[in-house]
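Residue numbering begins at 1 within each chain, and the chains themselves are lettered A, B and C in the order written.
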Amino acid sequence: MIPQALLRNFLYLLRGAEYTLLLSSGSIVLSTAIGAAVGLLHAFGPAPLRILVELYVFLVRGIPLLILLFAMYYMLPYVGIDLNPTAGGIVVIGLYYGAFMSQVFRAAILSLPKSQWDAARGLGMRLPLALQIVIFPQAFRVAAPPFVNTCMQLVKSTSLVSIVGLWELTMAGREAVERTLAPFQIFAGVALIYFCICFSLASYGRHLEKRMQYVH
Amino acid sequence: MPLDLNFILRNLPLFGKGLVVTVELSLLAILFAMVWGLVVAFGRMARARWLRTLAGAYIELVRDTPVLVQMYFIYFGFSMAGFGMSGFVSGLLALSLQNGGYIAEIYRAGIESISVKQVEGGKALGMSRWDVLSIVVLPQALVRVIPPLANQFIVIIKDTSLASAIAVADLTQIGKLLTERTAAAYEVFLTIAVLYLMMTGIVSGLSRLAERQFAIYH
Amino acid sequence: MSIEALREAAAPLIEIRGLTKRFGTNEVLRRVSLTVPKGQTVAVIGPSGSGKTTMLRCINLLEEFEDGEIIFDGQPIGYRLASDGRRRRLPERDIAASRSNIGIVFQSFNLFPHMTVLRNITAAPVRVKGIDRATAERTARDLLARIGLADKADEYPIRLSGGQQQRVAIARALAMQPKLMLFDEVTSALDPELVGEVLAVIKQLAEDGMTMVLVTHEMQFARDVADTIVFMAEGQIVEQGPPKTVFANPQSERLRLFLRRYHEAYLL
């Protein structure tokens, strides 16, 4: 049985995948930047800021991403802000995953043994220098696997923007199904494309995890 | 910003209906995922290599595809094939299948984290493989498994919101309808957010209680 | 020698006065006072929990202390007593500056695993003291040659034995040209056959005139190398004096007990 409907629409789906990658890249960059800043704040900042960060993480952990996407697309027009839909998607997903990234980075920094801090301070290094040449290079290696895994979750989450009307792989899939009335084929194809992207990321993450075991 | 509390109060029954559906879907998905996850975990840790590979491939498949796509696959696929599964059942199936995979890995990690020495100790005392599992390994694995399981339950609760895209009248769907009908987007969003936070908060709280209870036995 | 030079030479490098540290309600250090003259080696011995490591770590403020003063080379460390009698914490800049003139070597070496041996040694001189990289590397290779590890400059710490790592740690501390060296039980984590090479390096340092404070369990070594033995127990200095006196003729019951247990353990 040749999946004719899928083959005919595969290129269309791939174009949708391009948008998925575009959305994902933008969101990854944003969430990494937010995550790094917030993670540092959470680890070293003054108490009131740390509480704010914990509130941020609490909210993101407890509220579905879809609700936030709805909030953005339905509420913002009322407040007068008219945002380009793609940019809006990147901002919401970036802000959402920023919280998860912050936890990844904070955990990585805190996982380093206190003795490394002792050694750095004992040599007369101050916090910024110690972070730059001793802590971050080591934390980076520790953070790499969960970072890649979070990126993978982010890519999967981009499928949600199809519900608020943004065009990407999942939306392309729905349109193709309406055209061809072959949902099994088309969505299997959509799943396959997501699988290729996410499996690569997941494998890379596992590879990074294995490499870590050799260093320490 | 002025909050129209009356609006929220007036529509409480409607929110309540959506909340009930969300809770139902969440609880059933959690239950099925835990059971299915057990099955998959057994496959993953089986002696037969082909079983392990099959289970591994299954887990990889459900983990590397978005749950929304899985929901669409089941919902649109079966309705067009004539089976006509409701949105609720499709959503439940997709959530159970996907989270079953994640939970299987949680079970496996929990069991494998129990030091091999303990298993050897049990065997040395003459216990059968089954005895070792149930008396030595499982009770300890249980404690370690609570936090990641609670986490996964929270993920399930949040993912039920996706069922709103396949015509399930859950909390998110109610919110969407209300926002479209009235202009009170702000109140609707706030109420829904708070309700979700309550649900996930309860799970977190229960998880911490359970952890503490188990910690006493150590 | 001029009066000033005499005074300089006689001034202690470290003066600890009334050092007190608490962990909650537990007083770990009780009004400890100690003077370390320049060029001298002080070995601190005592049972575990006596506060010796804590005292050592207070000297370069890796541990905070609640009361008392530490004067290093004429400058207070960490806190100064203001005119109104209250303690004021010194700015981080000053604390870091003091630390860069004090070298510390830890029980678990604490080398930076992501840097080569050479970079471990040159990182701080270059980034903290502003020494140019070429000079720093020359000094580093010099030091490595002196401790017998010249061929390991481009290795990563994970490839070195414990004894080698500890010697690199000493070189790393020395590269900062400190006025004072602190050693925190630096051989306790080593396999017995590797202890000797590390002690040899420390002995050479003592002979070269470095001012040192050693916390150690190695009684023989302490007797060989130290000018003064300080015996601590329960957060206080119970007895101190030259090795010959302290070991041969302990005055306090506590020290007698400690030495007897030590002899029992090692003479069996």
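What to note about this one:
Convention: a contact is a pair of C-beta atoms (placed from the backbone, for glycine too) under 8 Å apart; a residue touches a chain by one contact, two chains touch by 3 or more.
This is a predicted model, so every value here is computed, not measured.
Among the other chains, B has the CA centre that is most remote from the centre of chain C.
Closest chain to the protein centre (all Cα atoms averaged), using per-chain Cα means: A.
One finds 20 Å separating the Cα centroids of chain A and chain B.
Centroids of chain A and chain C (each the mean of its C-alpha atoms) stand 47 Å apart. Each chain gets one centre point, the mean of its Cα atoms, and the points for chain B and chain C are 55 Å apart.
The residues of chain A never reach two or more other chains; the list is empty. Contact residues of chain A toward chain B in the complex are 58-59, 61-67, 70-71, 74-75, 78, 152, 156-157, 159-160, 162-163, 170, 173-174, 177, 181-184, 187-188, 190-191, 194-195, 198-199, 202.
Taken in their complex, chain C has these residues touching chain A: 60, 62, 92-93, 96-104, 106, 108, 110-114, 123-124, 127-129, 158, 172-173, 176. Chain contact summary for the complex, chain A toward chain C: residues 115-116, 118-119, 121-127, 129, 133-134, 137-138, 141, 215-216. Listing the residues of chain B that touch chain A in their complex gives 60-61, 63-70, 72-73, 76-77, 80-81, 154, 158-159, 161-162, 164-165, 172, 175-176, 179-180, 183, 185-186, 189, 192-193, 196-197, 200-201.
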